[in-house]
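As written, the chain order gives the labels A, B and C, with residue 1 at the start of each chain.
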Amino acid sequence: MAKRSFDVTRLPGTAVLAVACFVILYIPMAILVAYSFNSGKVIGNWEGLSLKWYGSAIHNQAFLDAAINSLILAVTASVVSTVFATMAALATTRTEKFRGEGAIHIILNQPLMVPEIVLAIALVIIIGQIKQMTGYNGLGFLIAAHTTFCIPFAYLPIRARLEGMDLSLETAAADLYAGRFYTFRRVTLPLLAPAILSGFMLAFVVSLDDLVMSDFLKSPGQDTLPTYLMGELRRNLTSEIYAISSLLLLLSVLIVAGSWVATRKKD
Amino acid sequence: MKYATRMAAATAILMATALPALAAGQLNIYNFGLYTPPDLVKKFEQAYDVKVTVTEYDSNESAIAKIEAGGHGFDIIMPSAYVVPTYIQKGLLLKSEPSSMSNFKNVDPKWVDVTWDSGRHYTVPWVWGTTGVMVNTKVYKGDINTSAIILDPPAELKGKINVVPAMNDVIDMAVEYVGGQQCTTDKAVLKAARDKLIAAKASWASIDYASFEKFIKEDLNASVFWSGAAMRIRAENPGFAYGYPKEGFSLWQDNVAILADAKNVENAKLFLNFIMAPENAALISNYTRYGNAIVGSEKFMDPELPNAPEMNIPAKFKDAAHFQITCPPDVQQIYTKIWTELTK
Amino acid sequence: MTGADTLRRWALALPAVVVITLFSILPLGVVLVYSFLTPGDFGNVKWIFSTDGWFSVLFERNIFDDTIAISDANIGILVRSIVLSLITTLITVIFGLPTAWFIATRPVAQRNFWMFLITIPFWTNLLVRTIAVQEMIRSDGVFNRILLGLGIIHEPIQMMFSNFAVLLGMTYVFLPLMVLPVYAAIEKFDFRLAEASYDLYASRLFTLRRVILPLIRPGVIAGSILVFVPSLGAYVTPRIMGGGKSMMLGNLIDLQFGQGRNWPLGAALSITLTVLVLLALIWYTRLTSGRKERNHG
């Protein structure tokens, strides 16, 4: 042991590059947040400290409508996709291979293989036709589209957990004459819960983050936070856009911190 | 039984939330970006107890594509004069007969018998303006009344020029710059215009509906631009000036029309009549910074508007103006091909 | 497994399979069909068979003399998309690998904190991050102000609307995607192996090349795929940073469905982009499954 002349975990230069990486990641966001407290109207021209753009943001009806749409969409799409993904993950693991298992696996991952813009345009073509035929243009189309691309994000962590799970507990429960459903509720589900939670969170964030799909598919009055922000970015002259961006940033900090606390407890 | 009533109630609630479009008191407007005054919308909402949603589009071309695709859910569209005949031919507009509405008497007679909708059976005037060049005079000291700023850019502007992706505006400008006329059938002129545009593109920074803020912050210093938009930039950054290209520039008018498949026709008609009232038309001008076609609206306008340089074409450039129309289909096809080549 | 059991499992997977089939696989099929149709006058398509869409991906017909030439513009965008995506991947490796190493070698209690710092940008809206990086490089932005303030330059440098701007934007937004899988690989690494190598008087470089790198390679490959694939299909970042001139494939596709009014060409380009992504994924699968075999052998 004494022969070791240096710490094996040290590689020269990594610390410098790592610190550079964190600086690069955080400086732009820090500046964005700083400018959101600017009382000046024009983005970036510093005129003094003020909270007024936050005030104007929370009284901005268009922003609030977009936030509500985003929440409805993200909650619905992530709940539905997590339920479907959990079912599919249960179907494709903990068993010998069955006919079509490979096909199911490929189908569930397919949305990940198609660039978002391609999927968006493909859906515009189809959904345009459906809208015309049915006359319906509610939020349902966006929910369906979001659910679709959320499924693989929920499916992957849940499946990974199931693959690594010890089957003996379930077998033990079955040996004790526990019913299939009882075993699932009392044994499988609690073991799977952390993976379901992280699948759900991932799906939620992916839906909340989506701009391209929503922008192409939205009907009147269906702006989401990202599409609203994109619209504002192209025209707005005020620092309000930075206040809104900072609020979104705060939201993601809260989500990350929340998931951190939630998984800590589970451990 | 109890379960059945609960289900019925739940279904009713679901139906009510899922089908808001069928509820009375709605109006869905589809308009260019930054073109619908929020105070006008609010005033209309309060006057008629109607919930208005405004959705924005980039260009006449993308708007007509979306409308034609169907299932859009919009009631009102704002086509430019040159696309109105296409909309009418394709049966996309409702013959709403604005000329029989009570406020129609306020429309300036010179905007009534227009070539694209003579007698105004489909459309109501929204605003009119010109397409010229806007340039930052802190950077560029030369003549501002020339499209050479865009098409033969001086060194100090290279890499700082934006071109708005409005096909007819841009190609008309190039055609006139090389000595032709709007909608020319002369292939040699069209080819020269194409070559000019392709060569100039190397000096441009972007072909985009650049946000105003990019000019105010001087990421961009020149653009093919619309007069009212230029006035709004000047208000925030006085360095910018609007020029009327002496080689030729277009004069245009945008219109308000009800779509043939509108679901809220009555509210849409109310809106058409509403904007023909002078005090409401003035709200449009105050916000968009373009002139409207309603007599008597001047006295409700911001005082600086009627005399602004962007609203008044100097006498010596009056002859350089042409009113923008639809080109014949074969010319329009070449325009489209040039445009595709330029933007891709 | 019995037939009934197979059926039960299929039934369990059915909702997800149906949703994806209806809203992803079927639409992609429609795009393929559309790529063989004729463009309509104002967008949309006419139901007349044509291979012009595919022809225009690589070639163009001169408007005025009908001669046919290779389409420099489309090929230029294709090449730009691939090259910028590769460079983005490379830069994210240069910064991501040491960062992941740094985090994985901290004491366990500190690791969570550093991972927290990486996760926040990862979960922050892409548009917000793009706006943030735009503020750095615009004419009146942070870089130019600093350089002007230091007297290094006298005129702001034009950084927006260029390949550089697109590259910077993509590197910035995709960097966390590299750190996460590389970290996962390094964390699993048993440092006693490196110790053993040093004990045998191997040099630091030798240890790095022969012991450490092979073990974290799967993480780097996974990270590269996670960065390369979204870069190739990027739309938002090039649109904001490139200003409609420094286009990538995603923007070219969007243009055909909007101003360009050539849906069949847009559809053909969409299929091209999808195929490129699939090729990258196939390459990835081969690379990783090849490794597994070697490990077992």
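Going forward, a contact is a pair of C-beta atoms (placed from the backbone, for glycine too) under 8 Å apart; a residue touches a chain by one contact, two chains touch by 3 or more.
Note that the coordinates shown come from a computational prediction; the quantities given were computed from them, not determined experimentally.
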Farthest chain from subunit A, going by mean C-alpha coordinates, please. B
Strictly by count of touching C-beta pairs, the top pair is A-C
Quick one: subunit B and subunit C, Cα centre-to-centre, how many Å? 36
As a quick test, compute the distance in whole Å between the mean CA positions of subunit A and subunit C. 17
Per-residue overlap in subunit B, given as positions that touch at least 2 other chains: 69, 210, 217
Residues of subunit C touching at least two other chains: 140
Subunit A: positions in contact with at least two other chains: 43-44, 233
In their shared complex, at which residues does subunit B touch subunit C? 58-59, 61-62, 64-65, 68-69, 86, 159-160, 162, 165, 167, 187, 190-191, 194, 201, 204-208, 210, 214, 217-219, 334, 336-341, 343-344
For subunit A, which residues are in contact with subunit B within the complex? 42-44, 127-138, 140, 218-221, 231, 233-237
Going by the contact rule set out above, which residues of subunit B touch subunit A in the complex? 18-21, 28, 30, 33-34, 53, 55-56, 69-74, 209-213, 216-217, 236
Within the complex, subunit B is touched by subunit C residues 42-44, 60, 63-64, 73-74, 77, 138-140, 156, 158, 160-161, 242-245, 247, 252, 255, 258-262
Please output the residues of subunit A touching subunit C within their complex, sorted ascending. 3-6, 8-11, 13-18, 20-22, 24-29, 31-32, 35, 43-44, 81, 83-85, 87-88, 90-92, 95-96, 98-101, 104, 107-108, 110-111, 113-119, 121-126, 144-145, 147-149, 151, 155, 205, 208-209, 211-212, 225-226, 229-230, 233, 241-242, 245, 248-249, 252-253, 255-257, 260
